[in-house]
Every structure is written in structure tokens, then in C-alpha cells.
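Presented sequentially are two complexes of chain A, the first with chain B as partner and the second with chain C.
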Partner chain A sequence: MKFILPIILAIATVVLIGVAFVASGTVVGKTVGIEAGSAMYGLTPKASTPDQALTNLLVDVKRRNWDQAYGEISNPQVATKQQFIQAWTGSYGSLRTFSALEGFELRPMHITNDAAQMRVRLHWTTPIGPLEDVRDFHLAKVGDIWKTVWSKTDVPNVPSQVIPVTYLRWDLVSAAGDDEWGAKNIDAPHVRIISMNPLDFAEGAVVLGEVVNEDTIPAFVNVTATLVDGSGKEIDEETSFDKIDHILLPKQVTPYRIDFPKVNLKNVKNVRMNVKATLVPASADPVIGVMNQKVDPDYQGKSVLRGDLLNESGQTVNIPHVIASLYDNNGKVIWVADGYVEHSLLPQTAAPFEIEIPKNMVPKVSNFHVVVNQYSMGRN
Partner chain B sequence: MEPTEYSERNERTVVSATQPPRRPIPLLAIVLLALMVHGPLLMMQLPSGSFDANFHMFFASHYAHHWFDPWNLKWFGGFSQTTYPPLTHQWIALLSYIVGLKMGYMLVQLIGIMLLPVGVYRFARIWVDDRAASYAAVGCVFLGSLTFLTYQAGQLATVCSAALYLNALPYFYEWMTESSVRSLIKGIAVSLTAAAAHHVTLIFGALLFAVPVLWTALVDAHDERVAGSVGGVISRAAIFAVAVGAGVGLVLMPYWVALIQHPIHQIPIPHDSRANFLLNSTTAINYFLIPYGLLIVALPFIVIRGASSRRLIPLLMGFWVTFIFGLGGTTPLPRWLLGRAYEILTFERFTFWATLLTLPIVGLLAADLIDRFRVKAAVGLALAAVFTFGAAMFWLSENPFRAAFTQINVAPVDAFLNRDGHDAYRYVLLGFGSELARVSIGTTASSVDGDYNSARLLPEMTNYGSAQLTNSKFYGSAGMASLRAMLEHANRYGLKYIFVHDAYYEPLLTFVGWRKIETFDNGAVTVWSKDDVPPAHPIQSDAMPTAFQGVLWGTLPIGVSFLAIILEFLLPNPRRVSGAVRATVRAEHSVA
Partner chain C sequence: MRRLCLNCAYGFLALGVAACLMAALAASCSAQNITVPTSAVAGEPASIAITGSGKATLYILGPGISTKQEVNLGEDLKLRGDALKNAGDYHIVACSDSCHSATFYVSAGKPASLTFLVHPSRVPVSQQDAVSGVAFPFDQFHNLVFTPQTINFQLSAGNASLLNRSVNTQAGVAWFRTSSGKSAGALQVVASLNDFNARRVVQQVASDPCNLRITGQRNAQGILVQTEPVHDCSGNPVPDGTIVSFTATAASGKSTVDAPIKKGVARAEMEATGSAVISGASGVVMGNEVRVGGRP
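On to the complex of A and B.
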């Protein structure tokens, strides 16, 4: 018994560890609270296939093990380690700089004996919610292992220049010691809902439309919708949340969309709309132009509204948010779509944007109107 | 505690003046050692930066103000503190009237730590002689797992409860083998006290500790080393189990009511102790290397030594099962055996229990080594103990889990919430980590967030696989989705103020219509507000305990702890005559 039991316990321990190791597939979830940590030495699977090579790279990117990740590309001469890291972590306070890779799915596109092309759907967690990104990677066989061929990414370089500022700005002087924001003792700006359209969508209902600031002063706007049933009882109340440009300059129009998950419009008799407006300080800067807008299919066959954003101001816009009203032939708002741009907008530069349009809406869309909301560090 | 016992043992074990001392180390000296090692660290309030310390102080703060009303409005818009056994918190609350909350916490922790070597000593004596038991007790003072739980994790209740259980189990053994009514009464009282300190230890720890004791009693009865028969041992074990079960049912009745009324159905929250340590070096260090320290080197010898004696096999098996559980997701066994409970539990406490279960065998090994290598062994063992303790202390400042949350000045946050009627609204902290509880202690305002996962009932939190809103980003998309859901319903909950200590959250707040209104501490903390939020109103909940439950909660748990103390004085242990059991055990070990 002196040695039999220890041997049995040792074997049982090793078997249990082995079962867990095999079952995990060597891919682990995100470590809560920290970014570091790698598999024990020798337990990272050998990159004997393109799938495994790319998996190893992406797991290291996920864990931010940059040394190992950089060592898994076949052509380090095209990018320094710092450039490689920056390609993953973003720059200039863009949405990517706030993001962390949370998961990925691989799909082989083309594989030969010594080269492969893989398509990867990357799942990012960001402050504004989960984002998906699809990228193609090339891999090459180096000796008996596969490595990822890194494509050089160009970081925009803005030349030194002076940009005159001629935008409008509205300042607001508040009473000292007032912890509230916006002006409570001045008449609220005149804001009006110009359209409202309730729809059943997916597993819920949505209420969408447009709001206009008819005043000559800026307004902070929030739209609330309350669904009421036949007996006059409130079913649910939700707000426009981030599906609206909250700050409206004079005469500006913004789309809004209010989501009601798990509510069926059949049970709704009435929709009570409420728009609240508060006078706030605001600025027309940064001016962001929207160009080349068109509805196109993307690489997956989904329809997207794409175009370019041009930052016409002299300051960096860290996170642009694009909101679009889609109209039918009669000029009625049939959908409000939105999307965040993961690259920052440097002064006087353009960046592409893309917003997915639901499949059933595409045939009805005859026109669209895009507004751009933004987050700029230190100015919001 | 039982000096005559040592004398008898010494007379029987000291062989000659040329051999190393074979006397057991006096228990009083070991307790003083624990005081000497941990006392200064606790008086320096080192655990106040641990993960759970503020949570415990927050609960204690509520008891200090509302002893008989466990409904706490400060978190989750209202929650019941009957979801967590109250003993340690109530003791802190009592002490806080004299020394304040923080020092009260430290004193209760110190009492737990000083009870631990007593418990380990008494527990170890079920299997080994006094000398090996005293080495085991010394070892527990320097355990990496104890240091980890006390100073890094802040698991006050786990430590106190384990110490109490270890003290109760020898009574259990004595009752089973000697039919001692005195042991039965004291064993039940101490067991109930342990249960009143921590529920997880009650449910899992009791089983992992008590089964080896029962098994050993059966072995002893079978081998006629004790007076009782096998049938007698089983029947007395059943009586003990039924009595303790009924007592726990009564003492923690409001807890069971709350659990039955609101079983934990929330989406599982990820925890690193459930990771596969082989695939993540950081978690391996945090949950395996640091808690075990140099015990890892001794593991093969522990297993071989444990298997060498029939009486030690139950203890060895108890250790092995607990050890495997402590490995979290490194093996599939915990998931297989625990089912859904696997996703609710955290597993660092199993490692603590595993180290405690191994100590009697470690004590034997230490005695063997000292017998064989004398001073060299003593010095080596001392260095190993100090290294294990030191490594855990070093890790305390070097681990990547805690750096982000230290040194937040929460005073301006409390001052803001407590002035100008701001406490009429609810608030959320973002990026504050465990400081959330410290803010809550100092303010009269209520939050929709909170630092106790099992008490959450708001769907915006339970429907997502994340824990506190303040730590949303660490839970990835699930955490941010939970935060978004809460922000969407800000008006519903009267949520008007958000304090931000991490710029990560600023883009979200900006896009969803919140605006910065105030800045504290050189910009380290910013206050964000939302327009048109109505004042908070009470959230109706069926989880609110009745007044009767409040009275039970305020009297029974603390009452059994007083009863256990009184019984220890009223029913002192009789002077023990060296029995056949330990002589036999020692003889077996000598052969081994």
C-alpha cells in the first residue's frame, strides 16, 4: 500500500490533468483582470498546420504576449515589434486602443503545401460594446512549421500645417456651485420629433424616426418612448440611448432608434413619445464630412452602407459614431442604423466607415441621411 | 492548553540527551508565534487592501447600524445580508464600537489566525503524536495559502470558519470513539459557530474534513484501538450529523429561506481559479505556486508517507480530493462532481483546505527529518516555512491582479454623495474595484452595483456573465453589456451619478448621453451625470427578510459563538491519559 496508493493517486492526477488539457483544446478564455500569462513551457501546440499557427498567434495577441506573437510572424523585417503591436492595439486614442481581442473564428480560404490564406473573424470587446472585424491572413511554411506572413500597415502621417478655426461655438455660464449640467433656468430649446415609425424587428420592437432642433441654440436631446397596451397599461419604457446624436446644433436633425427587446407590437395599442431638450454648451467643431456614400454588398454578401468620413478640423477625433436614417420611396424613415469607426480621424484625413443594413430593409431603401457623432478625448 | 499531556508525552519520547529535543512545541508558544508573525502585519492593516476586506467591513458596518435589520439598501437597490452568514461581520461590528471598523476587521482576522494553529494542532492529534502535531501547527502559521487568503484575497470568513471547524472535529472524533457527551455538546457548539461564519466552508469544507475523521474513527473502531464499536461510531456520527444539521438549519434559517426563495440562477461569472493552470502561468502562480509554496516539493513525500499508514489513508484521500478541487479547471473532476455549482464556486479556498489537511503528515515528516538530520533539518524546515510565507508576501505586491485598484481617494466621492441631496439618487462607480465597498460605507446614498455576486437580483446584472459593474471591462463583452443594460435603465433606478476612475468608460458614457460635471483628486476621479433622472424610489423585492428573521439573524449566530466560548470554560477537557491510539500510530510510523 505504501507505494501502490501513491502510484494510483499520481496516475489518477495525471490522467485528470490530461483529460482537462485535451478537452480545453489548449485555448483558454480571457483572464479576468489581467492581460498576461502564457501556457506552461512546452504546452503551446506546435504550429504544424496553418490553423494552429494562426491560432497560436491570435491566442498570444489575445493575451498580449507580444514577444511570442511577434516571434510567430515569418517576416519581421516588414514591421518593428512596436509597429506590430500598434497594428493590433491601435493609435491616437482610437476605439481600437480601448479594445481587447476576445475571441476569433478561423476559416481556410486556400491552402497549398507551403502557403495558405485564412479568413478570421475577430471578436473585440470595446467600451461601446462588442465589435467584429474580418481579416485575411497569409501563412507560409518555414521549415516544418507554419508562420503568419505579416502585412505592413501604414499609419497615417499628417504633415505639419496651420488650420484656421472658424466654427461656431455656444458657451453657457452656469450658477456657481451648480452640480447639474445644462441650463435649468432658461427656456429649453425648441426640439420636435419630425417622424416616428414603430416596427416589429427580430425578437422585439423598435421605434425610430428623426428629431430636429428648431431653435437657434444648441440642445441636448433624449427621446423616450413608452409602449401602452389596450387597457392603457404601460408595457415598457426605453430611451434612444446611443442610437441618437444627443447634441443638436440649431436646425440640425438626428435620427433616433429605441429598441424594445421581447416586445411584440401586436400587444401595443399606443406609443407615447417624449423628447427632452436641455440647453447645453456646444461647438460645431470638429466638422466631419461624409463622402462617397453608397449601399454595397460586403465580402459576406451582407448589404452595408459605406462611405468615407473626412475630418475637416484641426483636432483628432478619437471615436467617430455614424448614424444613418434610411428612407423609402415616400421619404419615410424605415430604419436607423449605426456603427462605430475603429480608427481615429486625424486632422484633414479621411477614414472609411461601414454600417450593416438589415436584409429585409435593403429592397425598400431609396435614400439615406448620415450624421456623425464623435468622442474626442478631453473635449467631451 | 493541556500541559500535563505534553509532560506525559515528553517523558515517553525523550530518549537521550544526545538526541535532538523530542518534546512537542508548547501550543501557547505556537499561538504566540502566530501572534508575532501576523499581529504586526494586521496592526499595520495590511489586509485592508485585499480583495474582500472592504466587502466584509461593509457588511459589518450595516450590522453596526442596523443589527436586527439585515435588509441593506446601499447595494443593488436593496439586498438581504442574510445571503451571507453573519458571524465574522457581527463580531467586527461589535468591536467597531471600540476600535473602529478597520481595526475590528483586523482583530477578528487575528483571532481567526490564532485559532488556526490551535485547530491544526488538535486536528492533527487525531492522527499523529503531540510533537508532530505541534510541528503541523507551527507550519500553518507560515502557510502560503493562509497568507494568500488573508492578505491578498481578504477571505476572513473562510479562514475563521476553517479554524473553527478544525477545532470542532476533534470533538467529533472523541464523541464517536469515546461517547463523550461533553465532546458532543462542545463539538456541536463549535460546528454551529463555524457554520455561522461561512456557508461554503460549512457545505464543502465540513464534508472534506469530516469524512476523513469519520473514516479514521471507523478504522480505529475496527482495529479496536478505541473503545467504541464500528456500529457505535456510525450511529454516533449520525447523531452528531443530525444535531449539527438541525442546528445549522435553525441558526442560519434566514439564509436557507433566502437561498430557497432565490436560488442562484444568474449567468456564471468567470473566475481565474477555475482556469486550467497549465495554460496560464499567471493563474498557476497565483492559485498554485504561492498557496503551496515549498509544500510542492514535499508533495511526493506526503503522499508516500500518508499511504504508509492505514490510519493516515483517510487523511491522505481527503487531502488528494481537496487538492484536485483546488486545481480548479486544471482537472475536470470538480466540474463533473459539482455540476452547476462549479460555475458559482471559487477554488482558492480548496487549496487552503488542502494545505490544512496535509499538515498532520507534514508534521510527521518534519519530526522524521529532525530526528534524522537534527539542527540541519530544523534550520532547513524553518527556512522553507519562511520562504513560503515570504513568497506569498512578495506576490502580494507583485501580482498583476491588484495593481489597478490601489490608492483611490474615495473621500471626495462620499462628500459629494452626502451633500445637497445627492443621496436621493443612486450612483455607480466605474474602475474602483474593491474600493466600491469603502465608498458605500462612507455614504448614505445607494448604488445599483455591489460587491457580492450571490445577492444580486437585478436582471441587468444576473443576465450577464459578469460580476460588479465597477469591474465591467474585465469581464469583456458580457461586462460591458451588463453596464449598458444598467445605463439604459438609469431612469428606472434613479441612477444619476457615475464616478469614473478609468477613462476606458468615458466613450460609452459620452455616447449614451452622460456628461462630466465634476473632477476630483487631480482628475483621478470624474463625476458624470445624466439629465432628467427622477429621484430613486424603493425597489419592491420579495427578498426582504421578515422582522422575525431579522431577530433570529441578530441573535442566533452571535449567540452560538458566545455559547461555544462559555462551554469551553464550563466543560474543560479532562486531563488525557496517553492512550493506545497514539502509541500505536507512532509505532506504525516508526516502522514506516
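On to the complex of A and C.
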């Protein structure tokens, strides 16, 4: 009697292992909206279908099993193994170098007997939160198995050169010596909120607008908003966090957005704004131009603000961050959108960016202003 | 909160005990006459005379000081200067068979230092009443000198004197307020009292750009756009590092570059193959627009 329970558990364990073994890495006939992955290491199912071939590749990428992943592409001649790895892991300290593929969803676009096109939604974990990336893959039947046709990616390659830069930066000198009262005061930079617009949004209330540095020195800026109800009680207080370009050079304007999840604007009687500016050392470089900006539909029919970032300086920008103010035809800021660019921006090169615009805002957008925040190793 | 209340209770208790002590001392002692100095100065010795004979216990309570000593009645009691370093009211209580008390005031000594606060540390040129300064004379023991003193304020930029004004202190404070000058640069602000000087520097900076003008021309890369030397309305060059936003609107879309002024001029490369309209702005100041034709 006392052996019945252990025996049942042992049988159940064996059955579950068997199920996992059979189902590992397969997509079990379904192809749409599947969160894919494999539970069993070292056992890759045969790529008898396009979805299975792509699943195998992505599972190996996820596990960083590069030898196997590289072996699953049909045209290794277009990229060396190192280039293939770099295409997934990023380079030059870009956001991708700090990211990991967490999962993916496959969707077939077009399949024939010997060729297929699949659309994949890749889910990445990154230091700035989860990111999604949508990519199209082509697959070809090679013999009796399917393989992914690797698209050659053009990795920017900057030739060796000397780029003269008129170096401009502000350093902060703290007076030493006696502690005489009044002898050490340097005023904080003067910054001003030039617009503020509270909105009700799908996930809560949003306060957005723009801030200008009116001073002649750089400022580290943070905007805080406090929502107050009819009785004068504080409902919530939040800061702009990363929805702002924190370091503002003289006369520079930045958008800001402060999100209040789960707060209904109907309950808000007053919004208290507070902008804090601190004097910080800063550099006027790099200068990043935002070229060819326009609002277009993307792959999935969503409206995006897209363009190219052009690094006009001589240093690599590791993680560019794009923030855009969207204006209506009265010049009022109606939304602030932002997005990180996963690839680093090499000197004198351009890289594309896209920022999604909420569907309900698209008809109202008349103009936009884009600023580029940047994180460069050793400089921030 | 509870800890705070406990602290308050201890404070009140201590005050109560001190008050009771003073009252009890005064009530339980027979009276003597105490003669206190009419004009004591901080840091200088003073004498107190107590009539009577025999011995008494003398309590001295003042700002930051409380002492108890045995004294002989009928003799002048010399108070050393270091016992009277802090200006303010001092209470004397002498007790033998009976107690008697008296109060005298110790005023600050001669000014020995000048504390000078100037605001702001940076100011745009040509701003009305934008610069202010406050000076406080202190004696050698850091007592604020309340007796009126004449403080001289001098403002100069380069070799030019912008202000020279003498102001008497009122309740230990003298101040001035004035407009900023017309030229960018360091504004030297000096407050002087007798041989004591306190020097501060206010940086006068250019105001907002005025008549921001840009030019653009096509080159091999695209369009090179740059400003003419950027000045404020007083003719001061706007500091390097000030951002000028260039915007090029073309059929291919809009391009923007936030370029810092370097050596007086902001410059940027814009990508546009067709004709484009380019504008410039710095902060809330708009510049002109230029139209650059397409590549032939």
C-alpha cells in the first residue's frame, strides 16, 4: 500500500518526460501566435517544415548555441559565423549587446513547396525593459529539410580616419579653501516648462509637454508632476524618468512625458509641476542629426514616425534614444513618444529609427520635433 | 511622532526646572544690590559690583554660557573677556542669605569680518534690478554688529566702474540692488567696510539671440547650413555651446539637427536631395528661412 503513491509519481514523471521529449521544439501543427521554445537541450527536431526550421534557428539563438544556429542557415557564404553572431548580439556596446532573446512568435506569410516567408515577433529582454522586434525571414527547402535564408546585413564600417572636432564642454569647479558663507554659491541653471498638457490615455493619465534650458550653462533636468484631487489631497506623484532628455544644453528644448498608470484624469482637480535643474559637467558633442522624418505605416499597419539618425561627430554613440513631441495644428503638444535604437551609431554614419504613434493620435498630428538622447560608454 | 512628543516633554520639563530654580533662588535669598555694566562689549572684560558682606554664590546665565562661582560680597567682580564672547542678554543671580538678580546686555564688538551674499551668480545683460547684494558685518566672535556701519558697494566690469554706493547698515544689514550691465563678462562686486573687503563675481552673460540669421548651400554630402555669428540684442556674442535647431523641410521628409554654437557660429549638415526650406531657432527665438534648390 505504501508503495502505490511513489509508483504513481514515478509513472507520471516518465509520462511527462515522454510528452516533453516528443513535443520539444515542435509547433504541433499550429503556426500562428505561438510562443515558441524547446524544453530539451541537445535535441533539435528535424526541420521538416518552415516553422520548425525557423523555430530551431531561433531556439538556438536564444540559447546562444551559435554553431548549431549558423548550421541552420542555407547560405553561410553571405556572412561569416562572426558576422552572423554579431547580427544577433550587436556590437560597439549597443543596446542589443545588453539584450537577450526571451521568446518569439511565428506567423507564416507565404509558403510554397520549396520557399517560405515567415514573420517573427521577437521578444527581447533589455536593461531598459522588454522590447519587441518584428522581422521577416525567408526559408528554402534544401533536400528534405528547410533552412533559413540569411539576409546579409550591412554592418556599418567606418574607415580609419581622423575627424577634427572643436571640443566644447563645461566642467564644474568647486571652490576649495575657506567655508566663507556666500562665497561658494553658483546658481542652478534656469529652466522653464514651456508647455504642459494632461491627457487621459488607455492605461491611465499622462502629463506631457516641453522644457527649455534658458541658461547659458548645461542643466540636468527632471520634471515631477503631482496630481491633486478636489479636496487638495495628493493622488500620485511621478517623474519623467526616461521620457525626457535629461541633459539640456543652453537653449535646448526637450519633450517630457510623465505616466500615471491607473489614474483617471476625471478625479484630478489640479496638477502641480516641478522642474528641477542641476548644474552638471557636459559636452556639446556628439551632434546627432535626425534626417528624413516622416509618419508612415509600418509592417503591421501601425503609424510610426521614422527617419534616420546621423552621427555628425567623431565618437561612437552606443545607445541612441529618440524622443519626439507631436503637435496638433495649433502647435499644442498632444503626445510624446520615444524609442531606443538597438544598434550603435558609428561616427559619420546613419541608422534608421522608428517610433510608434498611438492610433488615436495619428489624425491629429500636424507636426513633430525629435530630439536624440544618447548614452556613450565612458561619457555618461 | 511619539519620539518627537517625548523630546518636547523633556524640553518643557527642563524649562520648567530652570524657571523654578530661578524663582526659588530669587525668593529664598535676601536682597543685595548688584551693579552691572551699562555698556558691555563682547570679548572685553567687565566688572560687577555686589553690595553686602560675606560670601555669596553667583550664577551667570548668558547666550551659550552658564557659570556658578563663589564670590565675596562688597568687592568688584571682574568678568573676563572670554566669558562675554557672545553678544546678548546676560542674567546675574547672587545668593547668600538672600538672592538678587540683574540683567545686562553685551553688544557686538568692532566689525572684524564682512559676510557678503550676491545674487545671482549669472545674469543676462541689460536686465532691470537683476543683481542684488546683502552685507552683514560681524565682530571677531561672529556676533552680528547692530550699530550702524557704512558699507561701500562697488561694481565694476573690466576697467569701468558701474556702481559705487555707500550704504548704512540697518539692524546689522546693508544691501543694494541694481541692473546688469550691457556687456557680457565678469562683474566684480566688492563690499568694503573699513579695511575689510569681500569680493564676489557675477557672470554677465549674453541674452537671447537677436536677429538669428542662417545661410545654406548644397555640397557633396547634402546641405551645409550655418548661422551668421550669433549675437544678442546688445551685440554680445551668444556663448559657445548654445543650441541652434536647424529644420529642413523637403519632399523626403523633415530633417532636424540641434547644433551647438562653436566659435560664434552653429553649423550642421542636412540630408536632402530635393529642394528644401531650412529654418533655424534657438530656444524660443526664431531665425530666418532659406530655400535651397535641389541637386542638379
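Just so it is clear, the second predicted complex is superposed on the first by the 328 of 380 C-alpha atoms of A that agree within 3 Å, B and C clash if a C-alpha of one lies under 4 Å from a C-alpha of the other, contacts with A are read in each partner's own complex, and residues count from 1 in each chain.
Everything that follows uses one rule, which is that a contact is a pair of C-beta atoms (placed from the backbone, for glycine too) under 8 Å apart; a residue touches a chain by one contact, two chains touch by 3 or more.
Owing to the predicted nature of the structure, the values given are computational and were not obtained by experimental measurement.
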item	value
Chain touching more of chain A, residue-wise (chain B, chain C)	B
Which superposed partner A:278 touches (first chain B, second chain C, both, neither)	first
First, second, both or neither for A:9, with chain B first and chain C second	first
First (chain B), second (chain C), both or neither touched by A:375	first
Touching partner for A:307 - first (chain B), second (chain C), both, neither	second
Touching partner for A:127 - first (chain B), second (chain C), both, neither	first
First (chain B), second (chain C), both or neither touched by A:194	second
First, second, both or neither for A:321, with chain B first and chain C second	first
A:241 touches, of chain B and chain C: first, second, both or neither?	first
Overlapping contact positions on chain A, where the chain C interface meets the chain B interface	180-182
Chain C to chain A touching residues, read off their complex	115-122, 198, 200, 205-206, 208-209, 239-245, 252-260, 262-263, 268-271, 282-285
Chain A to chain C touching residues, read off their complex	166, 168, 170, 180-183, 185-187, 194, 212-218, 249-253, 284-285, 287-294, 307-308, 310, 312, 350, 368-372
Interface residues, chain B side, partner chain A - complex	270-272, 275-276, 278-284, 300, 303-304, 307-308, 310, 313, 316, 320, 324, 327, 329-333, 400-401, 404, 416, 420, 422, 471, 473-477, 480-481, 484, 487-488, 491-492, 503-508, 510-513, 515-518, 527, 529, 531-532, 592
Residues on chain A engaged by chain B in the complex (per definition of touch)	1-6, 9-10, 13, 16-17, 19-21, 23-24, 26, 28-40, 43, 95, 98, 100, 102, 123, 125-130, 179-182, 220, 222, 224, 237-239, 241-242, 244, 246, 276, 278, 280, 318-319, 321, 373, 375, 377, 380
